[in-house]
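Letters A, B, C, D, E and F mark the chains as written, and numbering starts fresh at 1 in each.
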Amino acid sequence: MGTAEYERGSKRLAAVTGSAGQKVVDGLRNISPDFGRYIVEFAYGEIHSRPGLTMQQRQLITIAALTALGNAQPQLKIHIAAAIHTGVKRDEIIEAIIQMAVYAGFPATLNGLSAAQEVFTASGL
Amino acid sequence: MGTAEYERGSKRLAAVTGSAGQKVVDGLRNISPDFGRYIVEFAYGEIHSRPGLTMQQRQLITIAALTALGNAQPQLKIHIAAAIHTGVKRDEIIEAIIQMAVYAGFPATLNGLSAAQEVFTASGL
Amino acid sequence: MGTAEYERGSKRLAAVTGSAGQKVVDGLRNISPDFGRYIVEFAYGEIHSRPGLTMQQRQLITIAALTALGNAQPQLKIHIAAAIHTGVKRDEIIEAIIQMAVYAGFPATLNGLSAAQEVFTASGL
Amino acid sequence: MGTAEYERGSKRLAAVTGSAGQKVVDGLRNISPDFGRYIVEFAYGEIHSRPGLTMQQRQLITIAALTALGNAQPQLKIHIAAAIHTGVKRDEIIEAIIQMAVYAGFPATLNGLSAAQEVFTASGL
Amino acid sequence: MGTAEYERGSKRLAAVTGSAGQKVVDGLRNISPDFGRYIVEFAYGEIHSRPGLTMQQRQLITIAALTALGNAQPQLKIHIAAAIHTGVKRDEIIEAIIQMAVYAGFPATLNGLSAAQEVFTASGL
Amino acid sequence: MGTAEYERGSKRLAAVTGSAGQKVVDGLRNISPDFGRYIVEFAYGEIHSRPGLTMQQRQLITIAALTALGNAQPQLKIHIAAAIHTGVKRDEIIEAIIQMAVYAGFPATLNGLSAAQEVFTASGL
C-alpha cells in the first residue's frame, strides 16, 4: 500500500470520524505506527472508501456488528460518535442497537445502549 | 403478547422474508411452538416493526452482525435472502459482508461471502 | 405485548432481581424506554415466567451462559445477585462458574469468579 | 493426574454420557490420547465429580452455555443426549435453550433447538 | 494498494499455503474479486510479510486463534495444511490446539483436533 | 490430580509468570481455592508442561488467542508480562497481536496493542 491509499484513507478517516480516528492512529505511535498506517490505508483507504454503501450505512452496520460482538466497547463508542459526525440520526443508532437484542441477546443491547448514552451525553444529544 | 402483536408480526415476517420465515416458525411445531410465536410476536411484531429504520436497513445490519458473529450460518442465509426479497441490492449485501473483515476478521467475511454466493445462486442472481 | 405481560413481567422481575432489575429498566428512561419495556414484557413476562424450570434453575443457567460468553460483566453481576436473591446457594453459583472452565476456558471462569466475589462481598456473603 | 482421577472420571463419564463420552475419548486415539485422558481425568474426574451441583444441574448449565456460545454443535448434541441419559426432562432442556434467546439471541436458540430436535428424534423422544 | 504489494502477497501466499490460498482467491471471482485482492495485498502482502515472526510462528498463532474462536473451521483447516506446508511439525500443531483447552475450553480443542485429523489424513500424516 | 502435578505445576507457573501467576492463585483463596489448584495442576502441571512447544511458543499462541477472543483483558496482560518474563521479544508480541487483525478484526488488535502498551510501560520496555 502506498501514498495514494494513505491520502485517500486520511481523507476518509477525517470525513467519517472527525479527529477521533486520527487520535487513535497517533496513539499507536509508540507501539506500532505500522498498524496506524493499516487503519488509514486498508480500513479507510480501501474498505470504507468502497462504493456501494454510503458512509452512513457503513457506520450503522459497524455499530450493529460491534454491539453484537460485545467485546470492543472503545471502538463501539468511536463509531457511534462517527455515525453522529456523518449525519446518522440518534434514533437510527438506537434502533440498530435495539435490533441486536434479537440477534445477539439483551445484554449486548444493554451494553450498546450504555455506550450510546455516554457518547450522546458527551455530544450534547 | 397477544393477537395484535401476532398479526403485525405475521405481516412483517412475510414482508421481510417472503415465506422463508414462516417455514422456520412451522419447523418449530414439534419442538417449541411457543418459540415460533416469539419470533412472530417479539422479533417481527415488536423489533422489526419499529419505526426509525427501514426494512432494508434492518436486513443490512442483521447481515453485518451475523457475519461478524460467524456462528449462525443458517440464519445468515435466511437474512441474505430476505434482504434480496426486500429490495436490498446484491452489491450492498456484498459490501456489508466485506466491511466485516475490518471489524471481525477475514474468515468472518469469507464465510459470509460463501453464504451470500449460495443464496445468490439459488436466487438466480 | 400489552398490560397483562407487563404486569406479569414486573412481578417476575421483582421476584427474581429484587429492585436491581427495575433500576436497569429505569436507567433506560432517557435512551430507550421501549427497551426497558421489552425487558419487562418479553424477558421476564414471557421467558422467565415460563413453566418447566424454576427461578433458581433459570438464574443458574444464565450465570453459566454469561460466564461462558465473557462479554457482559455488568449483567453477570446482576444475575449473580439475583441468584442469591432467589435462594441459589453461594456454592452452586461458584460451581456453575467453575464448570465453565471446561466449556469456555479458564479465563472465562476467572472473570466469572471475580464477578462473583464482588457480588458476594457486597452482599456480605 | 493419576489413577484415582482416571477411575473416578471414567465412572463419571459413563454415568453422565452412557457410552457416548468414551467414544469421543476413543476417537482421539490417533490424534491425541493425552487429550482423551484430560477429558476423563480433569473434565469428569475433577470438575464433573465436584459436589455442590447434581449431574442434572451440570448438564443443564452446559447445554445453556454451549447454546449461547453457538460454536460447538457436536458437543451440544452430546450434552443434550447426556442430559436425557441422566434424567433431565425433555422440557427442561427445551426451556434452557429457549432462555438463551434473551442472553445470546434468537439464532443461538434456533440452532440449539435444532440440535435438540435431532437428539430427541434419535432417542425416540 | 498496488502492484508491489500484490506481487509480494502472491509470493507469500504461495510460500505459506502452496496452491490452497490461491484457490480461495480464485473462488471469490464471481462474488468479490476485490476481496481476493485484499487477501493477497493486505493479509499476505502486508501482514504475513512482516518481519519479526517466521512463517512457521505465524501459522501456529493463526491455528491457535482460529481454534479458540471456533467459528471458522474451513479457514482453520487451510491454516493447518499451510502450517504443514511451511514445515511446522505435526506435534506442534497438536500442542497448539491442545493448549486452547485452557484458554477457550475443551469443545474448542475437540473441534480443532477434528480439523487437524482431517487435514493430517488428507496429507498422509 | 495430586502432589506430583502440583509441584510440577508450581515450578512451571513460576518459570512462566514469575510471581504473577501465584498471585492469581492466591487471590482465589476466599472464592475457590480448588480452582487455584486446577490452575497449578492442570493448566501448568499438565498443559504448559507438555513437550512439543517451548514456553515462549506457548506464550505467543496464548497472546494470539486471547487477543482474538477479546473478552479476557486481565489474562491477556498477565500473559504478555509472562511472555516478556520467558524471553519473548517485544516485537514478537506486537507482531502476534497485529496478525490478529486479519483473523479477528482491527478492534481485537487495537485492544490487544493497548494491553501490550500498558504492560510494556509497567515493565520499562
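The rule is simple: a residue touches a chain if its C-beta (ideal position, glycine included) is under 8 Å from a C-beta of that chain, and two chains touch if they have at least 3 such contacts.
Small disclaimer: the values here were computed from a predicted structure and weren't measured.
The chains in contact with chain A as well as with chain C are B, D, E, F. With chains reduced to the mean position of their C-alpha atoms, the one farthest from chain B is F. Think of chain A turning onto chain F: fitted on CA atoms, that turn is 120 degrees, to the nearest 5.
Averaging C-alpha coordinates per chain and comparing to chain C, the farthest chain turns out to be E.
One simple way to say how far apart two chains are is to compare their mean CA positions; for chain B and chain F this gives 39 Å.
Centroid to centroid, with C-alpha atoms defining each point, chain B and chain E lie 30 Å apart. Each of the following residues of chain C touches two or more other chains: 34, 38, 42-43, 50, 66, 68-72, 75, 94, 98, 100-108.
Chain contacts here are complete: no pair of chains fails to touch. By the touch criterion given at the top, residues 42-43, 47-48, 50, 52-53, 57-58, 60-69, 72, 75, 89, 91-92, 94-96, 98-104 of chain A touch chain B in their complex.
Chain contact summary for the complex, chain B toward chain E: residues 69-71, 94, 98, 101, 105-111, 113-114, 116-117, 120. The part of chain A that touches chain F in the complex is made up of residues 24, 28, 30-32, 34-35, 38-39, 43, 66, 69-72, 74-75. Of all residues in chain C, those touching chain E in their complex are 68, 100-108.
Within the complex formed with chain B, the chain C residues making contact are 1-2, 4-5, 34, 38, 41-42, 46, 50.
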